[in-house]
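Labels run A, B, C and D following the written order; every chain starts at residue 1.
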Amino acid sequence: MSILEVQNVNKSFGGLKALQNVNLKVEEGTIHAIIGPNGAGKSTLLNCFVGKLIPDTGSVMFNGQSLLGKKPYEINQMGVSRVFQTPEIFGDLSVFENVMIPCFAKRDGAFRMHAIERVEREVDIREAAEQMLIDVDMIDKKHMIASSLSRGDKRRLEMAMCLSQNPQLLLLDEPTAGMARADTNNTIELLARIQDRRHITMAIIEHDMHVVFSLAQKISVLAQGTVIVEDLPENIKGHPKVKEAYLGEAAE
Amino acid sequence: MLGLNKKDTKFLLIVICLTLATPFLMQPFAEGTALAQFNGGYPDLMQRVAIFGIFAIGFNILFGLTGYLSFGHAAFLGVGSYSAVWMFKLLSMNIIPGIILAMIMSGLFALLIGYISLRRSGIYFSILTLAFAQMSYNLAYSVLTPITNGETGLQVRPTDVRLLDGANAPDYPNLFGWTMSTSYKWELGAHQFTFNVGFYVCAVIAIAAFYLSLRIFRSPFGLMLRAVKSNQQRMSYTGLNPKPYTLAAFVISGMYAGLAGGLLASMDPLAGAERMQWTVGGEVVVMTILGGAGTLLGPVLGAGAIKYLENIFSKINESVLHSWFSFLPDGLEDAVVWLFARFTGDGWHLTLGLLFMAVVIFLPGGLMEGGARIRAKFGRRGDIDETGAATKTPAE
Amino acid sequence: MDQIILQMLNGLDKGSAYALIALGLTLIFGTLGVVNFAHGALFMIGSFCAVTLQKLLNLSVVTIDPTKTDFLGNPAKIKTPYVEAWFGPEMGAAIIDWSVPLAILFAIPVMLFIGWAMERGLIKHFYKRPHADQILVTFGLAIVLQEVIKQFYGANPIPTPAPDMFKGSFDFGQMIGFEANKIIYPYWRIVYFMFSMVIVAGVFSFLRFTTFGMVVRAGMADRETVGLLGINIDKRFTIMFGVAAAVAGLAGVMYTPINSPNYHMGMDFLVLSFVVVVVGGMGSLPGAVLAGFLLGILESFASMNEIKSILPGIDQIIIYLVAIIILLTRPRGLMGKKGVMED
Amino acid sequence: MSLIKPTRRGLLKGGAYAGAALATPTFFTSQANAYTNAPSGGKVTLGFNVPQTGPYADEGGDELRAYQLAVEHLNGGGDGGMMNTFSSKALKGNGILGNKVEFVTGDTQTKSDAARASAKSMIEKDGAVMITGGSSSGVAIAVQGLCQEAGVIFMAGLTHSNDTTGKDKKANGFRHFFNGYMSAAALAPVLAKMYGTDRKAYHLTADYTWGWTQQESIAAATEAKGWETVKNVLTPLATTDFSSYVAPVLNSGADILVLNHYGGNMINSLTAAVQFGLRDKQVNGKNFEIVVPLYSRLMAKGAGENVKGIFGSTNWHWSLQDEGSKAFVKSFGTKYGFPPSQAAHTVYCQTLLYADACERAGTHNPCGVGEALEGFKFSGLGNGDVEYRADDHQCFKDVLVVKGKENPTSEFDVLEVVEVTPREQVEYAPDHPMFAGGELGKCNAG
């Protein structure tokens, strides 16, 4: 069963058509990679999933419910989390607090006036957050201020924040961009482990083919705003259309 | 105790002790000495420090936690004062109904202004709040005179209705018969200490206000507010709606301002339109930053520093200076007096301006950072250091 | 109809003052990202440049005239300004008469210097600090500046008249076919309007047509990239700060005949100038100018009796009301850029 | 309770007055002090509460100079100033009732809140037994109310609103300065004489209480002389550029413009009116004229030569030639090098009058002092024969009608006195509708 279903989505900015008749299905429990050359519309598409952009036409269905016109926090509450290309974390807060916040959001919803309760006494939340930090190997950095983390750790923290919500669908925007090979491998391993353990559906935008082919169970190739191929990884490798899209770009 | 952990309880106890001992702390010098000029332990100043402390604590919940800089909080102070005085006129000179209405009205007003202003962020938000406050001030000064008594300010009169008060009820603001202006004096050698009912009412309320703000700082709600300041985008992609959180903080801080306004009117039953002017709103901004925005105790220190300066420095005139420096030879005396007179008496604004600049330049975290540095210098990291969130580490 | 034209003229005139102050403020916002609460004080200092020059020109030789007495019955002191002694009475009197326009020449170097000194000595260290800190430090500076002026010149307004030839008014209405006395307008206000147009045009063409200006504009858009190109953008920004101070100062100099300067006037204009800049949109120079004129004109119309009789007190709040409406309908003011000062 | 004993000092009319059980311990009655801040130790402290920052700081500074001079004279220093010409001879130059006069100063900032805070600190901290000063009616009324509650005497400084001794009058408050009604009563006959009785007036009025009361007074007085009030336009206090209010005047058919403004507002509106060339115009076949009902020399200076030939009224002017005025100008001028302003004159008189009343009453008790001031008739302080009316604590005295001088001989020579309107002409019944609605109440000694 597909958890995310995109049908005939069009989006243009002024005269520029960023997305044209995009169709996409993400199956539950899989890792689905979206690849494509620069400017193919990958990030635009992702923005349409999380409520940052609203498509001009078409539909985006999540678990049978339309995401169109919903606010980002509503979409998240439905079970969609997103990791950004440049890590979006709470820079002024400690690592531990960063992870606690999504736990609160998961438990208490979009708004709750819990002004008299104490963070210290929220045992469930604290335990969940600590477990999450152990899972991502960051428990030793629990009390550090998030903005003082290394770039890799920031991204790992962001991932931990998303995962701690136990989302049904995790969107990852170039999770390994700018990482050293070792870090990249760690990330691949982490994602694989999570998928294995929690069966979270993931949609990944990625440039690094090593990452894509290590993780993805299905791949959509986006070029010039439209999905040109959607297939299993082994079929993508030698696909002529994909070659054309990438070579065309290289030729420019 | 009181739903606080050990550190916070200790911190709160220290604050309580300091507050209750204010009549001693602000009156360190013996009467009749030259330094007695610097004594600030008289009722009006102590009340004002406590009241503006409340105002700043409330402002800090908005600005310190969410980072939203409002220039319009003076409007809530004014609304609080007007509501309280109207209660004195209509219902009773007992301050309880006045203070309750002050908080309700300012809360409603804050809800309205906050709902509109929070549609924008950053400087756009600041200007929106400023515009609302200036509109309130201008109207209160002129067109709304029937409600506000304009330039003169709303005052109580013997002819007022005062439905709940019997024939023997006090003519001045009181708490069940205890008039705010009653003072007791204790002379201890050359020292004189004044214990004023009004001040202790303010002090108890200020402690309660401080306690509430401590709880908010330590609550999940407080954590969410800090998240608003840190990264709103991440917040909404984490399934949290920043708007109601910010609006709640705005309304809470507006009610704190209203409470302060109600107390001001209770200590001195006159509500002037100037309370709504942007300079008053700016003053609370300055108090908060000066003391240390986002710290628990900083805003109170800032409020104290500014009110002390305003009331004590402006009174040091040239004849006072002459009496201090009369031991110097004539020519030198005049020169020294001239020099000091630039900064005191009618020059007290200059001292104020220089203080702002010095604090921001040398103590970026405000007075609290100064305190932390002093403690660090003596190689001791006290408990307050962390619980007071004086350092840059977030108090978890 | 004549009333509308008249208020239009008034609006343009008020607007030109607002526009000039807002222009300088935006240069500082836009280039340096600094919230400068001392900008009103710069306007005030500009005004006091005119006062200072007038005082300097009036420095006098004092002679005792035994035939007259002063208020205490002592022999009166007769003062003859040095300029009259040097250039002869007529020429000297003419120089004194023209002290306000002459103050432009005096104010430009003074204001450039003050702007430069402020930026190098203080503001430079606050680029990376939170806006709240910038507000507090510049607010402190504004207080210090105005108190210093008060020490020298006292608190009362000081009359600084326009030159004689600009003192009267002329019948603008008759020129365009109205009856006499329908549309009367003072010469000096026309001069002020023209002057501000020249300044605005000057600043815009400086930014548009000189290489210096082009670099600054590029730096405003993307400071880091321009810095990477090996251009010393900081130095140019310092100069822009000086220019902004000079624009504020000149606005102040020319405003003195309209509004006798006092040490407090900067604070009166501070709030207003921020409102104008924000309504225009942060970081947009044309926006600042446009908003200045818009608010000036609306303010003038709001003070018309016909409108006040329908909405009493509307002239008290019009500026703020317009600001709220504009900010709610256009999130970044009239012409604001995304992301400037939104956090 | 052996250590903690309540005293009257610092007690702002507490529970004792109200008779509330909690705060009325019996030991109050055993107190030696019968009233707030009774002087002790051979010293008496007066509180001078004047604007030291903000637009009226210079006026406040001048008041402070006059206060210092008065204190010097009361303590027997200097040349004695107007003490020598004052008709009452109770003052001996040995302080007040033998107590050496000391003073404290404070900053009103021309804001009711700050002024009250400052006055309270004088009463609570410094033990001031009398508060005086101020440069605006809002502040005067606010501080007057405070002094009534606290049980000290308030000798008002510069306040011109009818309300100060009208609907906001207080038993503990006294005003030497004149008011809007008196300005109008003095000005209207002169205006009628100079400009004729068939005139149409256009009023620009500062949009707050003082402006309204003055406008009401002027309109009533001039209308009684046959003038017509064409229009009254309220201008916001914060206005700095009055062009849009001045511009429509010429087309309104009015031939007189009345500027009910004070301070910075007055300077700016007058400057705008002159710049718009109103005074060069002919309307209804008559020269267009401008009137500024309340003049202050210090402020008029700020308008430069725009004031030339413009009529107004003032409380006192240094060029007066009576003995009292001459003595004061000499004494002040010798000490400070320039002539005193009307604000300085008023507060000097107020200080002397207070001291004299204490001497005559034989006490500093506000009730005794108030009784001595009520109905007190005196002369020799400038302004001819003066009476502090018992009904409303307003001083009645001659009012000066002045005009901006055409050919000033010095920088202080801004105004010239056109007419000294005798006291009878500006008097009114205590229950005059413009002053109705208030009650003096009973004196409060704390």
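Following the convention adopted for this analysis, contacts are C-beta pairs under 8 Å (C-beta built on N, C-alpha and C of every residue); 3 or more make two chains touch, one makes a residue touch a chain.
What you see is a predicted model; the values in this text were computed from it and never measured.
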item	value
Least hop count linking chain A to chain D through chains in contact	2
Identity of the most central chain, Cα criterion	B
CA centroid of chain C to CA centroid of chain D, Å	35
Distance from chain C to chain A - Cα centre to Cα centre, in angstrom	52
Separation of chain A from chain B, taking each centre as the mean of its C-alpha atoms, in whole Å	46
Centroid distance [mean C-alpha coordinates] between chain D and chain B, Å	33
Contacts with two or more other chains, residues of chain D listed in rising order	53, 57, 61, 207, 234, 236, 238
Chain B: positions in contact with at least two other chains	138, 142-143, 349
Where chain A touches two or more other chains, by residue	none
Pairwise chain contacts, counting only pairs that touch as defined	A-B, B-C, B-D, C-D
Complex contact set, residues of chain B against chain D	39, 42-45, 48, 138, 141-143, 145, 149-153, 155, 158-159, 168-172, 174, 176-179, 181-188, 194-197, 264, 268, 270, 272, 274-275, 310-311, 314-315, 317, 319, 345-346, 348-349
Parts of chain C lying in touch with chain D, wherever the complex brings them together	2-3, 6-7, 9-11, 13-14, 17, 68, 70-72, 76, 150, 154-161, 167-169, 181-182, 184-186, 188-189, 257-260, 262, 264-265, 268-269, 299-300, 303-305, 308, 312-313, 315-316
In the complex, chain D residues that touch chain C	53-59, 61, 207, 231, 233-236, 238, 240-241, 243-245, 247-248, 250-251, 264, 267-268, 271-272, 275-277, 280-281, 283, 298-299, 301-306, 318-319, 329-330, 333-334, 339, 409-410, 412-413
Contact set on chain B toward chain A in their complex	3, 5, 215-216, 218-224, 226-227, 229-231, 233-241, 244-245, 248, 252, 392-394, 396
Touching residues (chain side chain B, partner chain C) in the complex	63, 67, 69, 116, 119-124, 127-128, 130-132, 134-135, 138-139, 142-143, 278-279, 282, 285-286, 289-290, 293, 342, 347, 349-350, 352-357, 359-361, 364
